[in-house]
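We call the chains A, B, C and D, going by the order they appear; numbering starts again at 1 in every chain.
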Amino acid sequence: MNFINDLLKIIGDFIAGIIQSILGFSPFLADLVTMGLAAVILCTFAALSFMGLTYVERKVVARIQDRVGPNQAGPFGLLQPIADGIKMFTKEDTTPATADRWVYNLAPLVIAIFALTTYAVLPFAPGVVGTNLNVGVFYIIAIGSGSIVAIIMAGWGSNNKYALLGAFRTVAQLVGYEVPMLLNVLPVVMLTGSMSLIDIVNRQTTLDGNPGIPFIVFFPLSALIFLISGIAETARSPFDLLEAESEIVAGFHVEYSGMKFALFFLGEYVNALAVAFVFSTLFLGGYAGPILPPYVWLLLKAAAVFFVFMWLRGTLPRIRVDQMHNMNWKFFVPVSILHLVVVMALMKLFVTSPAAAQANGGILVTPIVQAAILFTASALVLIGSLAIAARRARIMRLQEEALVAQRRAENIAAVSA
Amino acid sequence: MRTDFAFVGVMLVTAALLMGVALVAAALLRPKKPNKAKLETYECGMETVGDTWVQFRVQYYILALVFVLFDIEAILLFPIAVAFNSLTFFAVANAILFIVVLLIALLYAWRKGALDWE
Amino acid sequence: MTIQQAIFILLALVILGSAIFVVTTRNLFRAALMMMLTFFGVAGLFVLLEIGLFAVAQVLIYIGAISILIIFAVMLTRGMQGMVPRNSQATAAAVVAGIIFFVLLLLFGPLRTTVDVARWPVISLIAGNASPRDVGGIQWTPAGQPIPPVPETYIADFGRALVDLNQYLLPFLLIAFLVDVVLAGAIFVARQRRPAEVIEDRQRQAEEAAEEAEAMRQAGMKPDAAALPEGAVASTADH
Amino acid sequence: MQNVLNGIPLWWYLVVSSALFCIGLYGVLARKNAIALLMGVELMLNAANINLLAFWRYLAPASSGGLAFAAFVLVIAAAEAAVGLALVISVYRVTRSIDPEKLDQMKL
């Protein structure tokens, strides 16, 4: 049982042992080679899951929309990703004559590099993690700004009006939705007392006398807003305003084709998968789970989250640009701040460790009671804010309808006169 | 001597190398027959008129401004969040005051119509 | 040469090279991109200093926020059109910068041979005869001893210090108010007023001007054309 | 006797930050474009941050002083950029120019 649980770790230790003892490298070189190998494995994992995900996503969305999806290349169209890959490698790739060559060619590289680097801190199983940074969560959000830079580079480097406009729209969206992400990670960090992803997972297990409750139970509101902002951060449907073909051709990557376009595509999918992994780690307990080995649990959770992404993509229509901004700045951000304040006050009022209760005061409760209190508060904030938003929306809609009716009446009067 | 960030550096270099190899391989494999029409800027089949610079709305700048405000807030709040369990009531009250003051800034921007996207 | 030294030299070259590019190029957009590279290199220096928090904060704030602001401003002002890289006083500027560089080197020079803060001229100038080890109640690293590692809990310590009344609570709260004022001011300055507001503004100005003229006529003076806020009207019409 | 961290003495950081500061200063003094000028200011603030954090790390890593000041510099840099660029945009809207030498309407 233990063997299967620690499979990844055992393999890793085995390879490291080979490198260190048999090949006879110096400790420094051995370290470097081990890290390089781990990095190659992570990158390959990300790239392969990108290929798989394109196929799965096309199949799932096709099923949702009552189509068949890819079915020509191989059995059930399983070879489709390979066919796509061959096409991407052999397609002619033109650089517009007026483009800023350096910027234009570097942009896809930048987006792919930063997307892949996110995986350096994801914990796949106990002890199986690229590196356990003590600023892990912060690092993931900061590395996300790399894709913003790449998008601006692509938009400007193409020297194309539509690309530039698309890039700016996308950047406005991405920077906007970074704010609710930051604000909703804060409660998790507060409860854990650490930004390291491993510590966050451990806090959701039964280790060290923790209750073993995933954080989605503590902060349902944070989880919901984080998930939606994550979808917007990766610019997936229904937030794919940058790909709104009817309005701005294909957004910032209109001039790209062949392998460079493939790298943009890879960046998008790898980022989306990273969001699924991060969400599973932060709110669903990461690799923690009974019976099955830890990495299987993590993959199952991430797959479930990614299925939600595909489900939303298959069902929801694209939202308008003003709706997108309003939802972020006038709903997510204020509600997140309110939630943060409420949670901070409650977490200081109801503490679980006797030492903290003695040092700073506060009411000593069991972890389960604390979870119940936080869940109630979070849910109340969510319901209350939704009710207020719905009421405001109804008032605005009524006003608009009244205005339209008045105009119509005026028009009729003018025509009859 | 190996710090936690060493792996991040290795990861950056590895990703750059792998993606670079993919780009170079594609460059070797693909046909290369450029002509004038292919190299033109694609703007829905229309000839490109004028330079690329178009009038951007100042709204983009203002949204980025509000974003910077919250970025700053996050950078100061994350260390406080890490220290949260050992903070006194007084300290937490001040952190809440900090957040509320920034919320006021957001509400001001809202009132001024800076968050409206027409 | 150790690997850290090699990385440091590489980072220093990247930082200084891209910084020189930033201040000399004609193309403002490329200058902004190169500035991001400078910031990234500085984040690398912070990693070498073993301060991961600030390396990440540097990326988040400088690359993710400030550079984006600058690029938006470049786009909004058409800044890169027909840009001249230098103004008339560029030579003088280079001389001034060079002189200041040498002054700084002279100031930091003593640190090559000693890190004993007590014997560093600048500190002894400020602290006088008092032992600089007492200045600010800070525990300085004694000269010649290995540098202690950054405490494991430095992020939590930093967070605690920020909201500690005896440490940095006041600047922390002042920052909040400063950012408030900055946001209000910047939005007020940058915002384009809506047409309705502009019209309202112009009407109010016209009324004020009329009142003023009326008051002057009553005082027995000729209405002065210059008293009309000509420039103000023109600038609002420009929006 | 030098204090050395990972084989790097303190003065290496100081030389890099001094050089970065002076490059930024040159940018501020010599550029003919208000936005390029602000970029120079950002470089200078970054140089100051390298200094603060290097001194903190080498001389007083047990306290939080250097971190707090560096964080405040970060915030001030963001605030400065925000207000400066807002002014540039607003000036550009009125005068259609962002050359600081041309903004001399206040001169007698």
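Rule of thumb we're sticking to: a contact is a pair of C-beta atoms (placed from the backbone, for glycine too) under 8 Å apart; a residue touches a chain by one contact, two chains touch by 3 or more.
Just so we're clear, the structure is a prediction, and the values are computed from it rather than from any experiment.
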{"item": "Chain pair with more C-beta contacts, B-D versus B-C", "value": "B-C"}
{"item": "Distance between chain centroids, defined by C-alpha means - chain A, chain D (Å)", "value": "33"}
{"item": "Computed distance of Cα centres, chain D from chain B, in Å", "value": "21"}
{"item": "CA centroid of chain C to CA centroid of chain D, Å", "value": "5"}
{"item": "Multi-partner residues of chain B (each touching 2 or more other chains)", "value": "1, 4-5, 56, 58, 60-61, 64-68, 71-72, 74-76, 78, 81-84, 86-87, 92, 95, 102"}
{"item": "Residue list for chain C, restricted to those that touch at least two other chains", "value": "2-4, 50, 52-53, 57, 60-61, 64-66, 68-69, 72-73, 75-76, 78, 155-158, 160, 162, 175, 179, 182-183, 186-187, 190, 192"}
{"item": "Residue numbers of chain A (touch at least two other chains)", "value": "133-134, 138-139, 164, 168, 171, 175, 178, 193, 195"}
{"item": "Which pairs of chains touch, using the document's own definition", "value": "A-B, A-C, B-C, B-D, C-D"}
{"item": "Chain C residues touching chain D - in the complex, by the definition given at the top", "value": "1-2, 4-5, 8, 12, 15-16, 19-20, 22-23, 28, 31-32, 35, 38-39, 42, 45-46, 48-51, 53-54, 57-58, 61-62, 65-66, 69-70, 72-74, 76-79, 83-90, 92-94, 96-98, 100-101, 104-105, 108, 111-115, 117, 136, 138-141, 143-151, 154, 157-158, 160-162, 167-168, 171, 175, 178-179, 182-183, 185-187, 189-190, 192, 235, 238-239"}
{"item": "Residue numbers on chain B that touch chain D, as the complex places them", "value": "1, 58, 61, 65, 68, 71-72, 75-76"}
{"item": "In the complex, chain D residues that touch chain B", "value": "6, 71, 74-75, 78-79, 81-82, 85-86, 89"}
{"item": "Residue ranges of chain B touching chain A (in the complex, touch as defined)", "value": "2, 4-8, 10-16, 18-20, 22-23, 25-27, 29-34, 36, 38-44, 48, 52, 54, 56, 60, 63-64, 66-67, 70-71, 74, 77-78, 81-89, 92, 95-96, 99-100, 102-103, 106-107, 110, 115-118"}
{"item": "Residues of chain B defined as touching chain C within the complex", "value": "1, 3-5, 9, 53, 56, 58, 60-62, 64-69, 71-76, 78-84, 86-87, 90-92, 94-95, 97-98, 101-102, 104-105, 108-109, 112-114"}
